[in-house]
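Next up is a structure, given as structure tokens.
By written order: A, B, C and D. Residues from 1 in each chain.
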Amino acid sequence: MLPTWNREPGLRVTRASHVVLTGRDLDASEHFYRDVVGLVVTDRTEDTLWLRGLEEASHHSLTIHRSDTARVLRIGMRVDGPEEIDRATAALAALGVESAEVEVPHQGRTLHFTDPSGVDVEFVAEMDVVERRMQAFHEFRSAFPQRFDHYQLVTHDVQKATDFWSDLGFRLAEYTATDGTDELWGSWLEVKGNTHDLVFTNGRGPRLHHWAYTVPDASALIHAADVAGSLGFGDCIDRGPGRHGLSNALFLYMRDPDGHRVELFTTHYQYIDPEVPPIRWDVSHPQRAQLWGMPASERWFFEASEFPDRALCEPLVSSSPQTLEAYLGLH
Amino acid sequence: MLPTWNREPGLRVTRASHVVLTGRDLDASEHFYRDVVGLVVTDRTEDTLWLRGLEEASHHSLTIHRSDTARVLRIGMRVDGPEEIDRATAALAALGVESAEVEVPHQGRTLHFTDPSGVDVEFVAEMDVVERRMQAFHEFRSAFPQRFDHYQLVTHDVQKATDFWSDLGFRLAEYTATDGTDELWGSWLEVKGNTHDLVFTNGRGPRLHHWAYTVPDASALIHAADVAGSLGFGDCIDRGPGRHGLSNALFLYMRDPDGHRVELFTTHYQYIDPEVPPIRWDVSHPQRAQLWGMPASERWFFEASEFPDRALCEPLVSSSPQTLEAYLGLH
Amino acid sequence: MLPTWNREPGLRVTRASHVVLTGRDLDASEHFYRDVVGLVVTDRTEDTLWLRGLEEASHHSLTIHRSDTARVLRIGMRVDGPEEIDRATAALAALGVESAEVEVPHQGRTLHFTDPSGVDVEFVAEMDVVERRMQAFHEFRSAFPQRFDHYQLVTHDVQKATDFWSDLGFRLAEYTATDGTDELWGSWLEVKGNTHDLVFTNGRGPRLHHWAYTVPDASALIHAADVAGSLGFGDCIDRGPGRHGLSNALFLYMRDPDGHRVELFTTHYQYIDPEVPPIRWDVSHPQRAQLWGMPASERWFFEASEFPDRALCEPLVSSSPQTLEAYLGLH
Amino acid sequence: MLPTWNREPGLRVTRASHVVLTGRDLDASEHFYRDVVGLVVTDRTEDTLWLRGLEEASHHSLTIHRSDTARVLRIGMRVDGPEEIDRATAALAALGVESAEVEVPHQGRTLHFTDPSGVDVEFVAEMDVVERRMQAFHEFRSAFPQRFDHYQLVTHDVQKATDFWSDLGFRLAEYTATDGTDELWGSWLEVKGNTHDLVFTNGRGPRLHHWAYTVPDASALIHAADVAGSLGFGDCIDRGPGRHGLSNALFLYMRDPDGHRVELFTTHYQYIDPEVPPIRWDVSHPQRAQLWGMPASERWFFEASEFPDRALCEPLVSSSPQTLEAYLGLH
């Protein structure tokens, strides 16, 4: 069932902005994200590593805390200034969701909560401002990653998750539904004016499937793959290069040394005008997952990062074997 | 003087969306914009030609009416639905600006007004929805232009124009000022979350200097130049390819058969977070206009499209010969 | 065993230049090669289709004759002028190979023979000269294919085939050998000064695995894949985009409507200086087949085009299951 | 007058391979060629710097000796092995040109001579073999320069220079002639199977106008310009990016800290088949110098590197003011 888009949600979430992970070896993480992906290292302490894209003026879009296990702790979103934290608290409460304001280094007012599908989220009002490195071209490495863009979550209840975020002002841009019905399999939700900030797909969840950085063009995507190869990370690619029919993204997916998945892609189309309806795809449509080329690896479909305290739930929408084969692009 | 950004302007303008021109020969215009630039022809009648970018779901981002003279009639912006037209009427009235609702084919509610610097504007609530052609890759031509992005106006009073649009919710992303002062020479204003929707630069105005379409990458920019060359339009390029320091755009500027100037460029950096200040450039900074390469042609600096009923005013901020040389990149 | 390069072979073969195929439906072939690959159609009759790359001044680099079956008839090479046909006849006779001069439309003196591995070859002294279309940029389609480059054959006896062509002046640039030995699994042989004109790999043969056109860059490769997708040929891709370790080629492989395989790739490195030795790869080296990314499809490994009158022979060099898995990139 | 191509010159020159310069500050040279251009530093001593492209297996393609003045000492070519030095000595003597064998570090047999237009040349039979760095993608910088390609010389007597090199086996690929005549203004001569190894253009000479490295694609060219800008070398660009009509090269020209000019370009079309005639351009043809875009700077036309002991001669072919304007693209 299509969600109802709440255009006056009472708070202004502006964009998906960062993720917070744990990893087992910060040296390995730093090498991977700096040299194989090309991110800028903003800072590092004994226990924490902060990174960002080349054009980002915010202190971090990726935070990795040292740990014995590799988990995703939070997905992060920006709100439009400190006063929005109060408005968010109220808006969440009205939806029956508790939240708590916390202190986080290099961040202004920050609000923690868990969405109805079990995803741990933080809203951030401000971050330390740092220098954009987008014109330090001589320092560019690998994929030339520009900025954090979105994340995709595996959830057992796509409908509930979609409804919740639509209530907070997110707008459905594209969606996948069981063939011939409006039973949601996946929802692509946006808040910053292009195709997606937040994606939910059907499966055992909650898990973080991936998050994404934009890259300038296909050349950068190929160069990143080449650099991965020459640094011995050729196997870290678990899908692509390829083109999704859904969202039209030209993508490359990589796994970091802890197994977390990062997507590099060449940005979206714009999605702003209110009269334009979302695009619908049958889950079995052959060009939904890829407009061309070879199917994704099985590990791309079935592996994802877990949240530390969230039990996994089996998906409410079940798959016939035929649907699954179609979904995997095996037909 | 830096403008005061009005974050609660009482109306929601969402983006710069289109321009309305007159041209002397619609066959020549259609050939140029379809084959040399690569736009999609949405429709054409005896007297009017409508075009759009490959990913645009709106009926037109460029309208050309047949005429004996080549002029710019309107710059167009989208507002966030029909009710915003009423809010815009009130917001403009509060600023002392009269407006009038008009009927325009293929557009929903449309409001006409003239800004304090003499620029004729229309706010549009909706347009006819047409099919995005962004996945019809086999139809792509020349620059693969994706979408309308922004326009730049020459104005005699940058300060006044900047203040007016800041009052309507536009935010300053970058600006040029007389060396060592805050006397504005140019202002880059945005409303859609990246560097600019609307630019004002100092000079005899009001005139439209150019409007811009985004293209996917440098390869597309070079291919467009090659196609221009092979179709006999090599001379229509009056600047580039080059990189602006200001805004970091990789650009190519072309003149259409009527002399109107269109920019092709590889998109912006994101500009959303409220705590990030605008970037300031001295007008004489050598990398402001171009980070590298050869200076623009003089015609790029001094030629622009006029509005039919607006007398040109000399700029209030005058230039020493030294400043002018710096501005032209001739030092 | 490494072949002996005969630097004074008594004839001047200058390059791999064309292939001659049969196909079942010339309309389908023309659509595929013109619109999905981007070749120029030089001419077409009731029974024959001739195509070439954008920069080619020769009449054809791909000839397709209508037939009930899809076969490869000949691989073609250019020699350095008419008198070389006489020298070639003598050089082949000295190697115990019979040849026959034949008449072929649009070709000058042409010599037919069968190499010791069963491959049917033609040497061509001249072709009709046609206009290079490399500066008709507005006509470029899909991959912007520039020129014919090389072919790869599956053969049961790589050693014999390699020795024969080395005798005719071809030079080994890279090769694959059974781990720790010099038992040849594949040989990359060149005559035009870059990595390969002619490749032999171990398997049931003789069969034509693929031939290749150069494309300008990664953007063209991706655009070709996009165009294949939008024209409904997404499934025709059976490998890539990817990077071979061996030869360093950035590649995309497509199957035509008859199952013939064409490679698009972004050219070679130069290989001219006589003191530089060939590069050796163990057959089980993980980066031999691809420097990064996902393994090829099985059909890429096992399907190829047959010659009409040649019985297939089982390979002389056999594979342990482990070697085969390594070869397929499945380890 | 078109030269007579000597197809049996009695020696095998295989390619233009390197230049030998003097420079005033090797630190400045190393910074420029390594960081702004992206070459690999093979070695450096107190007085000499050796560099090469990413795919080059030869020790150097650019040698810079420290000196008080900036000059070009030699243009270098490879011959096909040691015995060719003897054949070259004989072939030169037959043309009345003296030569002398010399010892040069990291080079095998090396022959020095001066061509009839006053250009100092060395033929080199072998060089120390070093590792190709073409798959060390993580080390790539700026333009990703692949290999040395060609040089262009300004000469007072294009006809004499062209005839001499044609006698040595170089083949005319394209040429510029006084309008409506065959009076040569420029000759593009090749020996390695693509458009040019050696170019002569009319003017005060002998001087080295530039030499060229190939780069993979337009993205690399633009990235090099960006890196030049971010490292403070934006002004070193004295032409481009642009497309020559003649030879179809997509180019960018830079000046090193001593004023020597290096071209970066995206390679040639192939030119092998003997029946294909050279391409002729009127010197006043508007698309000869550039297929599109803005004219070159005057310094591009009039500045070049001198040989230490060669007096400059005024060109034998003189220019009317109209021709000169056409040549400069000013019409």
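Just so it is clear, contacts are C-beta pairs under 8 Å (C-beta built on N, C-alpha and C of every residue); 3 or more make two chains touch, one makes a residue touch a chain.
Note that the structure is a prediction, hence the values are computed from the model and not measured.
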Legend entry - Leftover contact groups, counting everything except chain C: one piece
Legend entry - Pair exhibiting more inter-chain C-beta contacts, B-C or A-C: A-C
Inset, instruction - Please work out the Cα centroid separation of chain C and chain D, and write it as a whole number of Å. - result: 32
Legend entry - Cα-centroid distance, chain B relative to chain C, in whole angstrom: 49
Legend entry - Separation of chain A from chain C, taking each centre as the mean of its C-alpha atoms, in whole Å: 42
Legend entry - Sites on chain B at which at least two other chains make contact: 135, 217-219, 226, 229-230, 245, 291
Inset, instruction - Can you check the complex and tell me which residues of chain D touch chain C? - result: 14-15, 55, 57-58, 78, 80-81, 108, 126-127, 129, 132, 134-135, 146-147, 192-193, 216-219, 245, 248, 266-267, 269-270, 272-277, 291
Legend entry - For the chain B and chain D complex, residues of the former touching the latter: 217-219, 221-222, 225-226, 228-230, 233-234, 237-243, 245, 250, 286-287, 290-294, 297
Inset, instruction - State the interface residues of chain D toward chain A in the complex, per the touch definition above. - result: 35, 135-138, 140-142, 217, 219-220, 223, 226-227, 229-231
